[in-house]
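Next come two complexes, and both contain chain A; in the first it sits with chain B, in the second with chain C.
Right after this comes the complex of A and B.
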């Protein structure tokens, strides 16, 4: 008797779980998976503008066209390198800012309010601000020309965008702050007793403990940079669909782009997991 | 274990107590570090405030101030006309209403649907729950471009173009702008709550919906606040989806109108509309002002919320 009741309770719980999650699953099927499938179909057919969904099946022709498009491969490589460069820079800035904001400082609340303020500024506004030269920090520019070695590694261009990168790091600062809060204070107290300096504390306690958060932040920043409507590849897709009305070509590009992002994120995830897990076990 | 290590380090700390000289230099170093970190904080803070400061400063400049290179930050008096021109160019009364509808309704939808589904995914174990979690993660990295054309044809078939529906309906089903991220936040949050919570309520005879509404949802306030804030800001600022799904001028939100205003300005058509750099900044301020007010009121809860949602958990 009791066994049967337990079984039915279990059953009921499963049904309840399905019911709660179904809200999302329905939305996913209708507004994400179905459009995703349709765009795959569009990318493999040659449809007219009037009837893009029922074109003639041409297989991977559009994908071949993408691969032989020299101007696209230029944009593509450019943007991927840029995104891969941006993510660690944003994360490092965010980490520094979060560590400072998490310390014992006067006016912590006001500093925090200031550091998250760029959250409310849209990409479009940053673009307008850039066009007026507001993001042109001569400090960074000067660093770029004097510190030749660094600028050779990460590119002059990245220095010019530094201001924009900083403005985009607010969410990452939040992520790091949340992570820093989860480190038990007793660790620091113990280290202080042993005479560790704050500097040592950072490298020996903070960084190893939040290394999974660093990974999370880098992944978030990478995704953010890849899927931002303002980036070059996005612009290219937009141009080929809206301006040239070449929907199949645009769909083929966007599918390839999606797969490349997926691959890159998976690589970052697996490499990153290795590193962070190792540091975890050393502790 | 932890207590032991604390005790041990206390003991070693006592041993080192004799080493007074070392301690003093230590203190000096700490003070230097503190001053240094204040300097960095203030400088970084300035950079983070720069976009807003720049907007405010430039938006009040008259044409003469704009052309005068000696005027960098403080203009000679406030030139309010910029705001009037920006107001007219933005078609503010109409676009503001649209922005409200296209940001607040999706916000409500995303908070509700992601809380419900995140609860199901975070607290229940059933066949396929891992698959669904993987799908949520996959959704995070789908570039909006990949699906926007098919979404457009779907919505035009449903005759939703030029209505609020393309923004509202998906949001109520956990999709919409960064819906997957919000789903993830709620899932992680509910996963982190102790198991005894709902078991206790269950034993008291409460059903699933009652447990969710009376026990879980009140606890999820910080997560709801974080999601609401981000959802509002991102939906308000999004002009990508809006540029596809609404095209009639009386349905446009502020963000799209600002974009087209910027387009006019860049194409050199600014003169007859009275546009200049100062007016563009005034336009930016008008667009961001409602968010700024919400932010000032809510920023304190934002940090607390993020700290308690376990956004950074596992």
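Right after this comes the complex of A and C.
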């Protein structure tokens, strides 16, 4: 009897699972997945604006055009290198900030609010700077030379880059905070009993336990950096689609760019899986 | 004696941590400072190169310019504001609802196709929004939704980042809680509303902030899916002020400032939830 009951319970869980997910998935299919399929189709046909979906099939012609586009390959390589450097910096900073914010400090709540605040504003700020013709963040020159000494030591360019990266790390800080709070307190108590210093606790307990979260954060930061609306490739795609109305070319660029991102993410994931410490039991 | 020294050392390092965090915190607030100070800059200060962080001679001229620019329009500003507010609130509400519904089974149930669904979500995060813009337009017009509120709401409901974050938080909730619930005879529906959702409150507060910011500032879907002026949203309208060139730079700065106020309010309302510590489950694993 218990066996039959167990089966039907499993069965019910499966149907309920599908039911709960289905609404979201329908929206996702209609407004993301199907449009993605259409854009793949657009990238392989040469349709005009009036009749974009029924263009003539041209196979990979547009993709070949992208490969021979010299100005694009320059932008492309630049952006990939930039994004690959951004993600680890964001993650390391977010980890340090999260560990400090997770400790017992005065005014913890206010500090957390302050570190999360850029999430609502940093995109807008970049837009204003662009509209003032200062897309290169020369704004930091003034701040750097007058207010802070650090910029003299590490150089103004690096300082400006770091600044914008810190503002983009809010979500990663949050991911880390959630991860840190799931570490059982008893581990630290035991370590303290055995005379471990906080420094040792960080390397021997904190980092191994949240290593899956570090991987998650790096992946999130990488994707975020690759797809932020202000990066050069997004600008290039927008230009060819909206300004030059060359939809097929824009779609071809997007798909090639996507394949590169996917490849990079898969590599990170594969390497990350080997480096991170596996918890014995599945939680 | 030894104990006293230890305590002293701890206080000492605490002081440095707080000093360090305060410094970084000030830095994190700079975008907000910049936004506010730009809105009050007179036009000659707006065009200094490199731009300055702080305003030297604050003025309300930018706001006057903005209202002058709007005076000639037939649609009152309140209409744009109403559209924006309606669309943002409905979208955020359903985004959170659908995300919660979907994240619970994705994290806690086993069913065929579950990993594939989650994989698709991650993959879809990697696409530029520009890629799907035109196909989305075609879908919306095929469904006959053009120029309606639904056209502004429906496409943004399936918010992959939101579901991704919620699922990640849900993974942190121990399974034992749900096992206990099941033993006590709770249905899946009850467990979801009474156990799962309260436990991931930080996640949905995060999603509220992220989704609201994204939708409130989104001028694109209004430009794409609506034609009549009375269906346009506030960011679209303000971007048309921006489009009128350098002469309107001051008005534009003021507009951006006004546009930010609601997102700041939402942030203040929900940040406490986001940053409250994850509920301690009381279960030792």
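Simple rule for what comes next: the second predicted complex is superposed on the first by the 225 of 283 C-alpha atoms of A that agree within 3 Å, B and C clash if a C-alpha of one lies under 4 Å from a C-alpha of the other, contacts with A are read in each partner's own complex, and residues count from 1 in each chain.
Just so we're on the same page, contacts are C-beta pairs under 8 Å (C-beta built on N, C-alpha and C of every residue); 3 or more make two chains touch, one makes a residue touch a chain.
Here the structure is a predicted model, which means the values were calculated and not measured.
*Asks:* When the two structures are laid over each other on chain A, do chain B and chain C clash or fit?
*Replies:* clash
*Asks:* Between chain B (first) and chain C (second), which does A:250 come into contact with in this model arrangement: first, second, both, or neither?
*Replies:* both
*Asks:* Under the stated touch criterion, which partner chain does A:193 make contact with: chain B (first), chain C (second), both, or neither?
*Replies:* A:193 contacts chain B only, not chain C.
*Asks:* Which holds for A:176: it touches chain B only (first), chain C only (second), both, or neither?
*Replies:* Only chain B; A:176 stays clear of chain C.
*Asks:* May I ask you to decide whether A:70 touches chain B, chain C, both, or neither, giving the answer as first, second, both or neither?
*Replies:* neither
*Asks:* Is A:39 touching the first partner chain B, the second partner chain C, both, or neither of them?
*Replies:* A:39 sits against chain B and chain C alike.
*Asks:* Kindly list the residues of chain A that each of chain B and chain C touches, one partner per complex.
*Replies:* 13-14, 16-18, 20-21, 23-25, 27-28, 30-32, 34-36, 38-39, 42, 52-53, 97, 100-101, 103, 105, 109, 111-125, 127-129, 131-132, 134, 163, 166-167, 171, 174-175, 177-179, 181-182, 184, 186, 216, 223, 226-227, 229, 234, 237-238, 241, 247, 250-251, 254-255, 257-258, 261-262, 265
*Asks:* What does chain A use to touch chain C in their complex?
*Replies:* The contact residues of chain A facing chain C are 12-14, 16-18, 20-21, 23-25, 27-28, 30-39, 42, 52-53, 97, 100-101, 103, 105-107, 109, 111-125, 127-129, 131-134, 138-139, 141-143, 163, 166-167, 171, 174-175, 177-179, 181-182, 184, 186, 216, 223, 226-227, 229, 233-234, 237-238, 241, 247, 250-251, 254-255, 257-258, 261-262, 265, 283.
*Asks:* Considering only the defined contacts, which chain C positions touch chain A in the complex?
*Replies:* 14, 17-18, 20-21, 24-25, 27-32, 34-35, 38, 46-47, 49-53, 98-99, 101-102, 104-106, 109-112, 114, 117, 120-121, 123-136, 138-139, 154-158, 160, 163, 165, 168-169, 171-172, 174-175, 188-189, 192, 202, 206, 209-210, 213, 217, 242, 249, 252-253, 256, 259-260, 263-264, 266-267, 271-272, 274-275, 277-278, 284-285
*Asks:* What residues of chain A sit close enough to touch chain B in their complex?
*Replies:* Contact set of chain A toward chain B: 13-14, 16-28, 30-32, 34-36, 38-39, 42, 52-53, 96-97, 100-101, 103, 105, 109, 111-129, 131-132, 134-135, 137, 163, 166-167, 170-171, 174-179, 181-182, 184, 186, 189-195, 197-199, 210, 212-213, 216, 223, 226-227, 229, 234, 237-238, 241, 247, 250-251, 254-255, 257-258, 261-262, 265.
*Asks:* Applying the document's contact rule, which stretches of chain B touch chain A when the two form their complex?
*Replies:* 2, 5-6, 8-10, 12-13, 16, 19, 22, 26, 29-30, 33, 37-38, 40-41, 44-45, 47-52, 54-55, 58, 113-114, 116-117, 119-121, 123-127, 129, 132, 135-136, 138-151, 153-154, 169-170, 172-176, 179, 183, 208, 212, 230, 233, 237-240, 255, 258-259, 262, 266, 277, 280-281, 284, 287-288, 291-292, 295-296, 299-300, 302-303, 306-307, 309-314
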